[in-house]
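Quick one: the structure is below, and I'll ask about it shortly.
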């Protein structure tokens, strides 16, 4: 029994969360540092996982398996494939930046009763989310995954509802109302999704008799477990619904703008860059592996929805007046790309989708965090309240521009690679959809550049004239992300090498092969 | 030796990185760093050129594979370069003109506190442009393609505090994005057709697929070219792009970037050769644009906008030539190079004029400047003679060949295209003469501006005039150097192949008519602007003139259809999202609450009514049980 | 006489009792109606006992009486305390808690 | 004179009376019940003979010891195999000693212990006239607000009778799920109902509401038991016996009814069906299933909170136990008749409870409606009619009862001048005032909502799984939907506690004695343990899942 690396990776932040929460009220800064150190240690562990993972090895590696709830056929089964490794790395990578960026977001405004410890709570919750996200990436037991898929809602819920964006237009009461509305909306949407998935999970148990992803997938493959077509489709829909809410896919998206708009920038990053990835990841891992036929059956509908998400999200982003809501809608558009890539059922599409998850995580983090710094300076989320920032805070503007360019997936930056792969992959099988989706890149340019123009350029608004440029802490947050965007844009090979084998596996699960080029097909 | 190719790109890229990340501490030396690295790149290019000349025509194309960029199952994108005669031509043009303009900018941007960043952007542009012309596959070309777009965005909007500049920059980027749409779709088509998008395999395999596919690819590439090279219908951004500093207009929006479209088409020659329809469309676009640009050029009073119009129309010539296929490719490139020289020269001249006139751009406020800035006058004048195709100067050789080729296309098409090209030549002569006269001849028309300080026209510093002189040399002799003995044709033939075209009316006839229409144009302009004084405020002018002043209403069209329509669309979508999509959910929640409110009324607190419900329940239970048995 | 008729009577009594519970306001009366229902049960038990010819039914009847008595004890205690604090034994008055 | 001669004096010379052989009672197997009832009697005696000052402590001691001993006895029985291999019928067929019975008895006893703890809590109310006071009236008999009441308060009286009453109720509850004939069922029902009626009436604060609750509960309870009794009568008429075994056999048709002629005249199965329906109705009343639920909110709100907590937990356990036994032992032959009907009941119960709860404004009423919804979930498990169904219900009941007691115990802590501050608006910002209490309550709410890693999720999953396997997928879907609705109002409370600003005149959180603390702590512990590592308890429930017949 070797060292349970995966368990450790998930357990460390969990323990860290408890420890952070236990820090006495007065020792606020200590809590922050503790949380930061824990997240860095987790990152270190994630790196170890990354190194120990052998792309050409078995499909699931570093596996752990223990009996857990026999009666439910549930085992504590962990294991990672390339996709999971990439996303674990992403998560572990982003959390330190989130913590650092949110350094002052949870400082209590006024000293309440000594028992009230918002700061400790804030960072503890972030770590808790990290732990749950990581383990749900690692879980190869459907039930185990489901448990944390659901459980992570609770800390997220408190993060959204408990620590709102202080730069809120309107009175405190209004802000609080908005905030709890957003939090409740987030929770109910995802809970509803989760509960419907619960029904499907139970159904899966009734059909399969256990929850082990590998066993079921294997049984599906060798035909020893065949589901009635309708059963499979219902179960698929049950699972997919939950993931589509989380992802989010049009028309289940409306919780995201509220959640991202009302929460602090770091939490918004946590939502869109980390938590939502679980949804797309789960589509790739569970929907496709457990229900290949049903996935194929649903593909056309899903692709159309994804397409709508892409265009619709982009158009709404153009129409937003609120910076953070704009980014939220942009994310909806991007999630459309990811889902499209997954269900295009081509190697390029799925590799692209996986890269997209990582790249979107980084680029949104960069853009959103800088936006957060901007907002925290001016105290407003409205685009109209800014102008000419570039003149007074050139570095801030510069980083913001890079973030925007990444969001419109400019070649040379990481998102381009994934977006193009998704488009090519989709085009190869569904040319029309691929072409329509391509219009998304024009709209992306529109909303990002409009945002940049309205906020950063033009004559300097008096309110922003005294705006300080990025502080060292903030630069420490942004610079590595930007560097990463460039590196992964120029040399994504290390990432693709990890991801490709896993994607090939998934392709074989759904018994799909890439369409041959016409020239070869002709021969 | 081949490994130097990467350095071509690396040098300016390094410059960009250093200058942009360097921070204020580099302000003092920034422009020197930028200029040196640009020049370094030129030197490397020259070395490679010498090396290339050393080899015989067949073995001149060399390549360098750096690393595998995006390796995914069935999808291989490499970072690899290919340097053949075509690329080399561009390398020399880009680095050469680029370096000159760096030098020019040292003086021109002297008083701008953000000069370091300006040079950073310029270097960034050089790097991207070189990547574009050196890439050995379409995806990498796409990177350069968007890279130059970015650089152009940053430079047009360099004076960001001016809303007009910021808007122009955004517009340029967006319109280009529409073009990029074409490029990416073309790449996707190539991938699904050939399973690759590297130049070599694709262009060799064109024979193996249907004409339909190739036409589609060709048209998509053309769309891309239209975006980048400001061809109708995507030309609207170029005029606004003049908001950028003049060196930028000279380098990017005259000499190099805007010609990328031509490069793309010539580079993809095999595809177009196999897709006549695509070629036809290309020629039409070129013909339309060359007239369009020329007409716009006639109406503009803003010197830069006038020159922009002329750029548009000159590139129209190139596209037209490129659309003609093997008989035109070489001349497209040749005109591209000569145009690079004289148009850059003209822009630098314009910049020099503005420099002396407190950045006044309205030609109606100029007049008689030849006395005040002789060097500018001479260089500008030479450029002017070159562009109107004065016999012996470069423009003459290249443009004449294109017109010839157009006629040589044969059939009615040939006649139409040819005569359009001729007409364009006449108009060119007209508007350039107009610019010349309004700027340098006649009596001075400038007054003190609103702040009361009257401009004191003066010659520009050496750092500005020297590049102008060099470019003037180019404008004078390049054409001859290339044209005589078809030197340029032989140079490019191995890459683009060349078939000699025979115009129905004979080459000399074409040449003569070219010269005559040129004379006519000049004369007409002289009658209108040379003989009588130019009014300081523009007369209302004919309908056509007014339309032309507004870029033939193209922007108005865009505004009404795209901008307005888009705004309405998004606004209504926001509404829909809020009321409909969100409303459904909130509605369900609300109705739940309502139902709950009604149901709890049953709980009225009276024990007897509870008993009633129990009694009824019992009755139901019994009834149901009996029923179950009954059925 | 056919013992079945006793059952009909029992059912009738039960229904009367139930109806009383539903319509009468005074807690005491309501309670008495419940008692009536219990007695209806007793009648049924005895009748069945007679029909089956075994004693179980009769024994149960005794148990029922005991239970009824216990209920009276508890019930009256509660009702009386309610009456004393409200000066009314109406079950409808006791409706503080609702909705 | 000889004995026979004397004898003959007052006996007619009839055929000699056949001797009645004395019933043999397995005291060992009945020991849990006997201990508790015995302790209850002792409690009465204590009230009679022990001086007032020391009654409280004696009663507390007696109750806890008795319950502990009874629990020990249950464990002992289970350990010695009475739950599985040696399961059998005791007391001349009156009581069954088998897995479900022992499991539920154990649960009830533990709930009872926690209940005693909450009953005995005396630190929450401010000290009155130098006497610590609990949540029960000083003198239940005295009129609210009257001088006699004031006098009683001044004298520091306390209603220590609640302890024996509680013990009696527990005794009845122990028998209820174990009852093996309809008569025992009825008696047990009354034995645990009557004390509860009284307990509802003796609140110290808000006495009018308390009395009203008692009256409603009593009248409706009596009404319901009358139905039950009549149902029993009909079943007796049908089968000619009240023993479960016999009735079952008659239902199965393995044994001809004692009096076929009767069956004939009665339109054969009508008696059976109506009877069964009425008995079941009585039990559904106890578990608070729609449409027999309407007493629940009022009684839960009016009763003293400790009583509510105990009642909500234990009554459900006992009643569902009895329901299971009735449906699985007596009426399996009737499955195809009652299953659809019960499905209907389950559906309306789940939805009704969840929907009405949305608009509640009083925390106790809210929990009442939530308990209704949970009754619906449990019914889903009952309907599975598989051994899995039984064990899942057992597990659910165990999990649920601890959460409930804990939750109501927390409710007792949040107080203002008028006693417990049960109006939701007063709970605003509790999370800011006392994060720990709010967090604990949040845990309970999440368990109610069935969020993973809480016992609520494990239980819900178990019953839904059983239902799905039993072929009641429709129920699972409805259950899922109503869970989603239910989630809404649990979340509302959490929002209120954590995200809304505390009111200046808001309530204070009393610091309880170790008693209540224990109750709450145990509640939290069980909630989390059953959520994270439920396997052991599932095994337990699984082994206990077989009825003896």
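Remarks
The chains carry the letters A, B, C and D, assigned in the order they are written, with residues numbered from 1 in each.
Note that in this section a residue touches a chain if its C-beta (ideal position, glycine included) is under 8 Å from a C-beta of that chain, and two chains touch if they have at least 3 such contacts.
Every value quoted in this text rests on a predicted model; they were computed, and no experiment measured them.
Nearest to the common centre of all protein CA atoms is the CA centroid of chain A.
Comparing mean CA positions across the assembly, the chain most remote from subunit A is C. Look at where the CA atoms of subunit A average out and do the same for subunit C: the two points lie 65 Å apart. Chain geometry summary: the mean Cα position of subunit B and that of subunit D are 81 Å apart.
Centre-to-centre spacing of subunit A and subunit D amounts to 46 Å, using the average Cα coordinate of each chain. Annotation: 37 Å between the Cα-based centres of subunit A and subunit B. In subunit C, the residues that reach two or more other chains under the touch definition are 18, 21, 30, 91, 94-98.
Residue numbers of subunit A whose C-beta contacts span two or more other chains: 188.
Residue numbers of subunit B whose C-beta contacts span two or more other chains: 589, 600, 603, 605, 607, 611.
By the document's touch criterion, interfaces exist between A-B, A-D, B-C, B-D, C-D. By the touch criterion stated above, subunit C contacts subunit B in their complex at residues 18, 21-23, 25, 30, 91-92, 94-99. Residues of subunit D that touch subunit C in their complex: 140-141, 143-144, 183, 186-187, 190, 194, 197-198, 201, 207-209, 211-216, 218-219, 222-223, 226-227, 229-230, 232-234, 236-237, 240-242, 258-259, 262, 265-266, 297-298, 301-302, 365.
The touching residues of subunit B, when paired with subunit D in their complex, are 589, 592-593, 595-597, 599-600, 602-603, 605, 607, 609-611, 613-614, 616-618, 620-622, 624-626, 628-629. Residues of subunit D that touch subunit A in their complex: 391, 432-436, 446, 451-453, 457-458, 461-462, 464-465, 468-469, 473, 476-477, 480-481, 483-484, 487-488, 491-492, 495, 498-501, 533-535, 538-539, 542.
Residue ranges on subunit A touching subunit D, taken from their complex, read 67-72, 112-113, 115-117, 146-148, 150-151, 153-154, 157-158, 161-162, 173, 176, 179-180, 183-184, 187-188, 191-192, 195-196, 198-199, 202-203, 205-206.
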